[in-house]
Amino acid sequence: MAEVSLKVNGKVENHEVGENTLLVDFIRETVGLTGTHVGCDTSQCGACVVHVDGVSVKACTMLAMQAEGSEVTTIEGIGSSEKLHPMQEAFHENHGLQCGFCTPGMVMSAIELVSKNKSPSEAEIRDGLEGNICRCTGYHNIVKSVQAGAEKMGG
Amino acid sequence: MSEGIGASVKRKEDKKFLTGKGKYTDDINRPGQVYAHFVRSDVAHANIKSINTKAASQAAGVVAVYIGEDVAADGIGGPICGWVVPNRDGSATHEPPHPLLAQGKVRFVGDAIAVVIAESVEQAKSASELVEVDYEELPAVANLETASSGAEIHEGMKENRYFDWELGDEAATDKALQSAAKVVKLSVRNNRLIPNAMEPRSALAEYDDLGGSYTLHTTSQNPHLARLILAAFMFQIPESKLRVIAPDVGGGFGSKIYVYIEEAVCIWSSKKINRPVKWTADRTQSFLTDAHGRDHINNVQLALDESNKIIGLRVDTVCNLGSYLSAFAVAVPTYLHGTLLSGLYDIPTIYTNVKGMATTTAPVDAYRGAGRPEATYLLERTMDAAAREVGMDQAEFRRLNFIPKDAFPYQTAVALQYDTGDYEPNLDKAMEMIDYKSFEARRSEASKRGKYRGIGVSSYIEACGLAPSAVAGALGGRVGGWESASVRVDPTGTVTVFSGAHSHGQGHATTFSQIVSERLGIPNANVEFVHGDSDKTPFGMGTYGSRSLAVGGVALSKALDKVVEKSKKIAAHLMEASAEDVEFKDGKFTVAGTDKETAFGDVALAAYVPHNYPLETLEPGLEETAFYDPMNFTYPAGTHIAEVEVDPATGVVEIVDWAACDDFGNLINPMIVEGQVHGGIAQGIGQALLENAHYDENGQLLTASYMDYCMPRADDLPSFKVECTNTPCTHNDLGVKGCGEAGAIASPPALINAIINALSPLGVSDMSMPATPETVWRAIQNAQARAAE
Amino acid sequence: MYSTKIVKAENSSAAVQAIGSSKEGKILAGGMTLIPTLKQRLANPDCLIDISSCGLEGVEDKGSSVRIGAMTKHAAVAESSSVAKAIPALADLAGGIGDRQVRNRGTLGGSVANNDPAACYPSAVMALDGTVHTNKRDISADDFFKGMFETALEEDEVIESVSFKKPEKACYMKFPNPASRYAMVGVFVAKFSDGVRVAVTGAGEEGVFRHSDLESALSSNFSEEAVSGVEVSSDGLMSDIHASADYRANLIGEMTKRAVSS
Amino acid sequence: MEIKESYDLPLPIETVWQALNDEGFLKNSIPGCEKLERISPNELSAEVKLKIGPMSTRFKGKVNLSDLNPPNGYTISGSGTGGIAGAASGSAKVFLSKMEDGEGTILSYQVKAEVKGKIAQLGSRLIHSTAKKLAKKFFSNFVQELSK
């Protein structure tokens, strides 16, 4: 067991956990934020994407201890149901989600994508979402959502 | 903007998913819960000589370890088969038992042998490694072509065949083939797919020893059906003692229709240890044990007369149903496949024979489209080959053979009667959308860049809204095909809809609210939607086969009819008029020829505060339920056209354009319909280009992770052009047909036909799925080698 | 994942020491391969030595070469202006590894030390006549890669940085495995004043390798035609469910042509 | 999958044959072999530690010698289970023949390999290459041992 201290969505989380605890399990089980999902075992589906110190990572492929001292942002930390983040709003307006399971990871990836490229082309968006798998939407409306989200975010 | 029928209302359910507040099964935890982990077979086929669980039982954190004998001792049965068909010789489908945990034998890699229950997932996994299983290996039966001569998988089941079924007039069809001016022959394989809903299956079972009742949270498309099967057929407990909740479910695509052994083991063990038991699949377990889809080999013979009109069709199919018969495994290749073989063509005689085979692979069952994609694929590939062989344009050859629009209702040669349809406008529109007539110019432009450009057409029909119960029953179905809905009007005029359908991405909360909003004239925001809980909703059949709206939506409409009818009586009383004179529109009751008016809310209040109310003749309250059993299937149809460019140096296929024009009847929410079409097309493209479940000759699944099973990603796909025409369904109140599966049905042949079209100048006339870069490259190499000879 | 201990090393000698005092310790760099392996319980190290605080990040232009710290993330290499200026092909390669989340965590040293037969980086190290700098010594690329998943690294050795020689011209062309997105074939072509080096990844049964026939053809005539004149043999190439050795051989030729003509 | 290779050895065929039947030689030749004990004339129990990249698994199983045809060859087969990783088995048909000079021996082999469980499910791309590599290593170790 080891003491892990990091911030999740601005709140200090100080917990004693097994040293082999994955960041995603820390977020879901220890902190109790279940918006971050697990959809595969091989670091490919992207349902678990969160931001660690501002960059997107797959929380299933990082140990909680590797995030020691970091600022972690999850889907719960970017907007609220009263005030959605512009990217969340864009997904809503463009029907960028169906079953919702991949959505948190998709939105977190999209936000980082736009933070690096203010007005990405369709090809850049498709390329930039390589690490997020969606089985429902065929990506068509996700691409539209990210384009709209980029505009809203001031691109 | 209107919030009623036909409006692209933004989805109500979005916010919870967008903010991470969705509650999927694995997000739910119960006090004292323990975790199940299954010990699964590493071998495809073996007798189990012994299982030693001693060390595992003593491992840290372990609460219990159970094997097949423990289940058998409690008399718990396995999953049952929901549909059977007669064999050609009159005998019945062979239905072998499917034990919850292996009893003496394993039949596929992933077959569960034991369950270890522990305080943590990691402890359960560690202990599982200590379970020793001694196998006597038997030869795997991994190959569909040779399955009939393989080792016996189920005791007493001859030639590993579950059934041998036929439909249609064999003599007439063979006669048509003999007398034909031309017979087009084709053999196609429908590749095996793994559904891959993004949320892995999960179950959380809890036993209440005070009431002797169970609660199961599970990833199900149809919680009531799961409850019925679990309670009545597997556990033999009073159905009322089991509550099944399917909370937010992260996609299904068919794979979450069935009751799986893991859910049952969780229920059973939750009582044995009197603690809540949770199980969540990791992705590899999903690959190994979720019911797979497709896996057919079809031999097709199409008879044409001198004028290129179709005069007969014969299809001989062998399909792989895997190690155990899953719930609807039998229906998929028979009544959901054989009955669709007429497509949208006027074919006077059709005969089909389907042999359903067992292999030592995962069970195969419905996957988006279920039987209809296989039918459409073989038919549209054959139409394409026929057009090429007779030298006609692929679109015009189809047009020539379409059922004319004045021929409806049209009785096909394979049992179905199409109520309505008009196929040419879809074809014309799709051709216009993709600029079909200028294609040859684009082909020559591409060839200057060293690319082969091709265009492929696929015109499809599907039978949705499964199904009229009497028809299903007559054809071997063991469940009803109706759906239910309850409408509870609250005293203040807000409404809660309780539906037996289940939404796992389809957006029912939005579309069903739109129907209410349209009919009762209340804002969408005043409608709540409840589904997925057997304690809350009326008994329902759930969601599959593009049925939610066409059956569940119509049930809602019927319940709303009852609400309106009763409301009119209340309004009549309030307005001191006769009920026959009361009109209801835009949320207001009026009396014809007067200025009397009362609002829907006032009527609702009167129903619950019946101070001024006709209590002698009318019950108080305003809550109505309807069960709707459809009179016929609905028949969405349409045309998809794909345009591709092939890079001959690598075999890479790039999809450069996609046009889809579908007739889904009336649309409730066009935005959601388009989203369904997009998703369906993406899965169809996945099948045609990328996805394939690959078992090696020993029955090992080599594509058991996203490292090897190729899921479509954003950069594999183009954007799609999607439009609709509308011939309303004639036999349901909403005129709706269903749209969930269409994309997956239409798209694979469009794409494969486009690739063949691109390579046809080289003499390529066949292409298998998935058309991977190497497959395409080899076809080009072989064609070039043939040309050089 | 089995239980394990995590040691945060302050520098590479501390890391080596920690390895020495463990039974079966493993260096944890970005973890992009190691953590998925541990999750599957396909390895059971008693100790993971986290080297993220060892100061092994950064890009340094050394004149005739570029030296990159072992713990430099792929994203940092892809976005580095000095890499883009000195060896744009290397920045391109780094920008095409995995997906953006992999690039945000995965490291040069991790990729090179693992020497996955389908990894991108080893081809750059080989084609750019690289040198692997460890806590003990400098190892030339040609001596470093020893076959699939094998390198010259010893138990008590940690990669600190890798140097890449600046070529006159270079290009990396990757044909990704459509499922995993690893290289099904990746060809790194680097033209130096004294000849051309061609390294192939994703295809060889023994991992990354230099293609001598292509090198000599391109050294005398740096053109697509020269590539066409080489018959790429499928001997020693991998066959799996995604691609046969023949198809990989074809891709080697094709990717080389594209690299040359880019 | 089948893999074929051959070696020329500067040793008489009888010497090679003896070595092929000597557990000491075999133990030093089997890559990663940590334990090899004869339990009957043609059966040995074995423990092998296999490292492929980041993966590291201990297999426990048996080595069998069959089709014995002294001194012209035999079939050596091994199968083992690696716990959670699954199971692996492989067999090599070994052929010995005298070289034309009468002094040396040609050792050739044909290998078949099969994996089950997680290694098959997750490592399919590596199965063939790994089998080939391990076979090569076994025989090159064997040759090296012989020349000691």
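The chains carry the letters A, B, C and D, assigned in the order they are written, with residues numbered from 1 in each.
Just so it is clear, a residue touches a chain if its C-beta (ideal position, glycine included) is under 8 Å from a C-beta of that chain, and two chains touch if they have at least 3 such contacts.
Just so it is clear, the model here is predicted, and its values are computed rather than measured.
Student: Between which chains do we find the greatest number of C-beta pairs in contact?
Tutor: Looking at every pair of chains, the most contacts join A-B.
Student: Please work out the Cα centroid separation of chain A and chain C, and write it as a whole number of Å.
Tutor: Between these chains, centre-to-centre, one finds 28 Å.
Student: Round to the nearest whole Å and give the separation of the Cα centres of chain A and chain D.
Tutor: So the centroids are 48 Å from each other.
Student: Nearest whole angstrom, what separates the Cα centre of chain B from the Cα centre of chain C?
Tutor: 44
Student: Touching two or more other chains, which residues of chain D qualify?
Tutor: Residues 84, 118, 122, 124-125.
Student: Quick one: which residues in chain B touch 2 or more of the other chains?
Tutor: Only 122, 125, 129, 284, 694, 702-703, 705-708, 711 qualify.
Student: Can you list the residues of chain C that touch 2 or more other chains?
Tutor: Only 1-3, 40-41, 180, 241-242 qualify.
Student: Line, ring, star, complete or other: which one describes how these chains touch?
Tutor: other
Student: Dump the list of chain pairs that touch, please.
Tutor: A-B, A-C, B-C, B-D, C-D
Student: Report the residues of chain D in contact with chain B in the complex, numbered from low to high.
Tutor: Touch list, chain D to chain B: 83-84, 86-87, 114-118, 120-122, 124-125.
Student: Report the residues of chain A in contact with chain B in the complex, numbered from low to high.
Tutor: Those in contact with chain B are residues 18, 20, 28, 33-42, 44-45, 47, 74-76, 79-81, 84, 88, 91-93, 95, 97-104, 107, 122-123, 125-127, 129-130, 132-143.
Student: Which residues, counting only chain B, touch chain C once they are in their complex?
Tutor: Against chain C, the touching part of chain B is residues 122, 125-126, 129, 649-651, 690, 694, 702-703, 706-711, 716, 772-774, 777-778.
Student: Which bits of chain B are touching chain D when the two form their complex?
Tutor: For chain B paired with chain D, touching residues are 42-43, 109, 125, 128-129, 284, 287-288, 694, 696, 698, 700-705, 707-708.
Student: Once bound in the complex, which stretches of chain C touch chain D?
Tutor: It is residues 24, 26, 33-34, 37, 40-45, 114-118, 147-149, 177, 180, 205-206, 238-242 of chain C that touch chain D.
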